[in-house]
Amino acid sequence: MKRVTVHEEWCLGCHLCEYNCAFANSGLADMVKALKNQKITPRIHVEEDGRIHYAVSCRHCEDPICIKGCISGALQKGADGVVTIDHDKCVGCLSCMLLCPYGCITTDENETVLKCELCVKNGDIPACVQGCPNRAIVFEEVQT
Amino acid sequence: MPINFILPEFEVERNDYRCIRCRVCERQCANGVHRYDPDGDVMLSDETKCVDCQRCVCLCPTRALKIKKNDAALRTNANWKQNTILEIYKQANTGGVLLSSMGNPEPFPVYWDKILINASQVTNPSIDPLREPMETRVFLGKKPHDIERDANGEINTELPPQIELELPIMFSAMSYGSISYNAHKSLATAAEALGICYNTGEGGLHEDFYQYGKNTIVQVASGRFGVYKDYLEAGAAIEIKMGQGAKPGIGGHLPGTKVGADVSKTRMIPEGSDAISPAPHHDIYSIEDLRQLVFSLKEATEYQKPVIVKVAAVHNIAAIASGIARSGADIIAIDGFRGGTGAAPTRIRDNVGIPIELALAAVDKRLRDEGIRQNVSLVVGGSVRSASDVVKAIALGADACYIATSALLALGCHLCRTCQSGKCNWGIATQDPELVKRLNPETGKERLVNLLTAWKHEIKEMMGLMGINSIEALRGNRLMLRGVGLNEKELEILGISHAGE
Amino acid sequence: MKYVIIGNGPAAVSCIDGIRSVDPDGSITVISKEDHPAYFRPLISYYLEGKSKAENIYCRRADFYESSNCGVIHSEAVAIDTDNRSVMLKNGESIPYDRLCICTGSSPFVPPMKGLETVENKYTFLTVDDSFAIEKAITKDSRVLIIGAGLIGLKCAEGLRDRVQSVTVCDLAPRVLSSILDDECAAIVQKHLENCGIGFSLGNTADRFDGNTAMMKDGSEIGFDVLVLALGVRPNIGFFKEAGGACGRAIIVDNEMKTSVDGIFAAGDCVEQYDISFGDKRIMALLPNANLGGYTAGVNMAGGSAEFDNAVPMNSIGFWGLHMMTAGTYANDENAQMIEEKGEKSIKRFFIKNNRLVGFIIIGDVKSAGIYTNLIRTQADISAYDPDALTKNATLLPFGENYRRKTLGGVV
Amino acid sequence: MREGQFRNPSGCAIAAEISREGRRFSAEKIIESMIPMHDRSNGLGGGFAGYGIYPKYKDFYAFHLFYDHRHIKKEVEEYLKERYEIVLSEEIPTRKIPEITDEPIIWRYFLNPLKSVLRSAQLDEKEFTARVVMHINTKMDGAYVFSSGKNMGAFKAVGFPEDVGRFYMLDEYAGYAWTSHGRYPTNTPGWWGGSHPFGLLDYTVVHNGEISSYDANRRFIEMFGYKCTLQTDTEVMAYIADFLLRRKGLTPKEMAEIIAAPFWSTIAKKDEVNAERLTYFRTIYSSLLMTGPFSIVVGYTGGLMALNDRLKLRSMVAAEKDDMVYIASEETAIRIMSPEIDRIWSPAGGEPVIVEVMPHD
């Protein structure tokens, strides 16, 4: 299955993935309109320490512990292995946030729980991958 | 002091409506041009530091940035051009030799652009490369004069060592040190994928790249950096660098700041020391000395490696080449005055040497007149910019071309011509690990392979339209060329007729 | 093979999944006390609050039992005959089993209280039926008194606030969430809840009732229309104990979720299990543990091999925008080093023992807390990592480059 | 303008016949064979080469020359006399016909090189003779040697080939092999020397096509003392034949492997010995690879080789009848030479048809 993988070696810490993610999930056609004067809440985030940089987003684990802990059944793993969230069911308890070992579940200013859904609703290739200037984030087949 | 102020060359134009304050420009500019001011929530720019490398422009996700030529100008003077004046200011400020990099940017004639290619019409069919085989393989090296047969009449097929190339293009010498590890890796892996060679330059060969040996030309320059037995044996050929088109008559210069641990190990010099190659090889003061070095290298490698002698295109290049062809060298590489460099004194870069087109034509003719063209292969470089430049070079008589600036452009270089600063924002001409990682060699390799695959297609198209289906039938085939807007003398040197003739 | 599961909550359905992952054919019988398919128990307060629709509270799709080839009997288990391997039901039926899993959860604990019988509208708050009943009893003018400022009581308060005139919570303990939080942390939460309109009467509880009035211990009186009793829960383990099974405060299980009785497993809120952060067995009545334990039990029941060996207690609780998360063992322990960072409405405390993170409590900035949970669960050595940086930002840095290469880079 | 002052591409007709037994026969049939291919020529050049036609003088170099005027004839004869014993000097007999006009002085000599001169030049007689030819053709304005081998001769003129054959009375000669050429130049030079066949010593070439590698081939071969004065493909091919066959001692088949070298993809499929030799040739004689369309017949003492370019961009068929082998641009020409044939085939591109006369004791 194709997954987003992050190659720390090539991550420049430019944070473009965060902006591309926020834009892709904004539902708007123009990045300026989508992100201008906004505090962005991307589903991918860059962690850094001096010269170490890397982006982190949902790993779509084989056996996702976030789903095990979800008290509302909002988190689901589809047949394609993509872990998605059903906002109609989510009650915002953040158990998933407590459980995700990668710190990949976040919320926006309305406390809506957000997570990477591999841009399944946005197009073929995840926006973070498409926008990564150095192929640090790639969309590739991984062994599951 | 106001008197020190140098008018910035560029202006940063930021479309504030489009800017979303993502600060990518700030993070990506190694020169420190951009800065976010949280108090006013504004992005600020310091234009005095901008070199117009376009990194910020290319990464800005909202296309909010433009780098423009600064239109603030000194008073127009056709004799004292603005740049001339600014250079005087800089020298008055510093007392130093002006340094620059990449190739001669001055408006000298580009002969490639004054030569046109023939095509078949009626009397001879053009050949369709999509439907017929079209061959671009070449062998570089000395060709024997006589056929020998054994007792059974079978031909002895032993050849002097050759370089086999799938297309007549190689990546020219760029040292590890002047360019980054990732740039070298891109070149090495692309050369391997393309079936061609890249050239180590004078900085030795990083231990990681010995595995690409059969696609590597190892260089021996006047500084002898990184030269030892394993190195000489590592590659497909050995190149003696006598000169370089960008700075004929002077040696390479790598500032100590670029000599980190890895470069130091590869070059076999102390960390942080300036790597300054002597202007001449101090064991070569004449052609017979060159012959000695050629044969020393052959002895050292048991005559298994062709030896290339690389010279800058200078005034009496034909005679020099003739001498080299008799020195035991297998290949002569000639570098024209527009060739690039990682650092050269500006005056030298812009005023020394001759165009490669004329040098090539003169050398090929001289070697043929003397009947020694088979002694050597000819490789030319110094601003080969496109597939048509390659076709023209081959038709003028070259066996293959060296490209470097074109390759760097493919790797992301935007020709800002400030390699000497070591702060290449594209991760090419730098040793700063944070900048080096900006060139992902996977991408680099892919782009180089793309570039030369495209050129190969174009070369085949052009060969096909000339009715030629193998590159060797193009070599020296000057009838396929015509000049436009060239005077009698230029046509005579190029050995071509004028269009319409 | 005959499998019987007593109980029909998340642990039970995970147990079914576990069995089916190994044995697609054996017969499975679920004994369900409630008349509903398995549902997410914590959603009952969100149902009251209007965040969850009634049809969305179920753990699985409607056809789950059928597609898992699993029979459901709506009755209550009253005894186990361990010799003959059968379960006696309240309706007198006896169900034979080869492998049994007990997922009975817990029941509300209501101590004897004077005058309670005089209160007409009194409810416990543990099942969806409780929540339907409360919904029926309230109007927008109701005054609700909740006895118990624990998690259940406070979630009930949150669920009801916008639907009634007033909600008052009382508890004998001097602070809210007394079993989870210390005074300092509890004060932050209490203040936030008060700002949100919840009334408190703490260190003070109902002494006796008289109709719609609670006479408080301090002598005051609180009038109410609806009384909710949220004093705690007790694991439903009576019949197992009677059958001679080993219990502490709950059914004792090992990492394979086996009880002391051959052929009997247990999972969910009715078990006590080894807590790796604590170093001893305890009840960790939490949804992820129910799921993980149930699944593990199922696999082992069907002859497979699975272990659930990294259980830790954890909680994620939020009230109107204020979130708090806890995991592991975070009560003050003199052998543990505590790193604390405080803000006006936030607090972070980390407990480190033998170079390992054993517990934390975070109120406020809970972003990426799962990384800490994982540090506890994996018992990662964090000695090489600056403890101060740890508290500032949850990142994958302490796990090291190799871990990141594997998990992020997909390098196997 | 004359041939040599510009590059003159042309289409053409070629034909050849040879007796494997070495039987001698007249040129009558091959002259006739050119008639159905009339449209492949345009009257601006035709010619023939016959092998075994001078048995009486077989030990002497037979030089055929065109002279523009008497003065140069005299000068050339002086020059030859210093180097050769002139065994016979005569006008080449011609038949006056209205189709052929403006003829130059057409002369032939049978020559025996002077031993003393050869010794002092330290050259073998072939190399010596080749240099003499080269000298006359490049340095002696108004004289042109168009045939210079032993016991063979080329005959050519401006006109259609069938007329040229009658003009030279070739029906009265007898040889064991004949080649023939009709020319269709795209320009209009009126010079006899520009016609085919083109030869040096006993190597002659008739050719149909236009090689796109011309200048690459020319500039290479000129390194070895040849002067391409005519700027025609045929001339450069004749020199290459001389260079490879005489000077480098290669066989006609090996020559074919060089000038119509197989593609690399073909070489890759060959066995090791062949692949090595082919690779070797393509490496050292890469500049002799001829690209673009051609069909040629190379004549030499004792045989001939017909060859197409490796893509076979020009028509060429071959046929056998008893000991005779026929080659022509079109089958119709072969049917004129021999209405009955045993086998007819179209040789693949780059695959030489080599026919050699069986040795007689």
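Letters A, B, C and D mark the chains as written, and numbering starts fresh at 1 in each.
One rule holds for everything that comes next: contacts are C-beta pairs under 8 Å (C-beta built on N, C-alpha and C of every residue); 3 or more make two chains touch, one makes a residue touch a chain.
Because the structure is predicted, anything quoted here is derived from the model rather than measured.
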- Contact-graph distance - origin chain B, target chain D: 1
- Task: Determine, using the mean of C-alpha atoms as each chain's centre, which chain is farthest from chain C.
- Result: D
- Message: Just the number, please: Cα centre separation of chain C and chain D in whole Å.
- Response: 104
- If you average the CA atoms of chain A and of chain B, how far apart do the two points sit, in angstrom? 43
- Would you kindly tell me how far, in whole Å, the mean C-alpha position of chain D lies from that of chain A? 78
- Message: Just the number, please: Cα centre separation of chain B and chain C in whole Å.
- Response: 69
- Chains grouped in pairs wherever the two touch, ordered by label: A-B, A-C, B-D
- What residues on chain B touch chain A, complex-wise? 17-18, 20, 22-24, 27-28, 58-59, 61-62, 64, 433-434, 437-440, 442-443
- Residues of chain B defined as touching chain D within the complex: 120, 122-125, 127, 132-133, 135, 137-139, 143-144, 146-147, 149, 154-155, 157, 159, 162, 368, 371, 373-374, 397, 466-470, 472-480
- chain B touches which residues of chain A in the complex? 9-10, 12-16, 19-20, 23, 31-32, 35-38, 51, 131, 133-136
- Message: Quick check: in the complex, which residue numbers of chain C touch chain A?
- Response: 40, 42-43, 46, 51-53, 56-59, 286-288, 291-292, 314-318, 321, 323, 325, 327, 366-371, 373-374, 377-378, 389, 393-397, 401, 404-405, 407-410, 412
- Item | In the complex with chain B, residue positions of chain D that touch it | 7, 9-11, 186, 209-210, 212-217, 219-220, 222-224, 248-250, 254, 261, 263-265, 273, 276-277, 279-280, 282-284, 286-287, 289-293, 310-311, 313
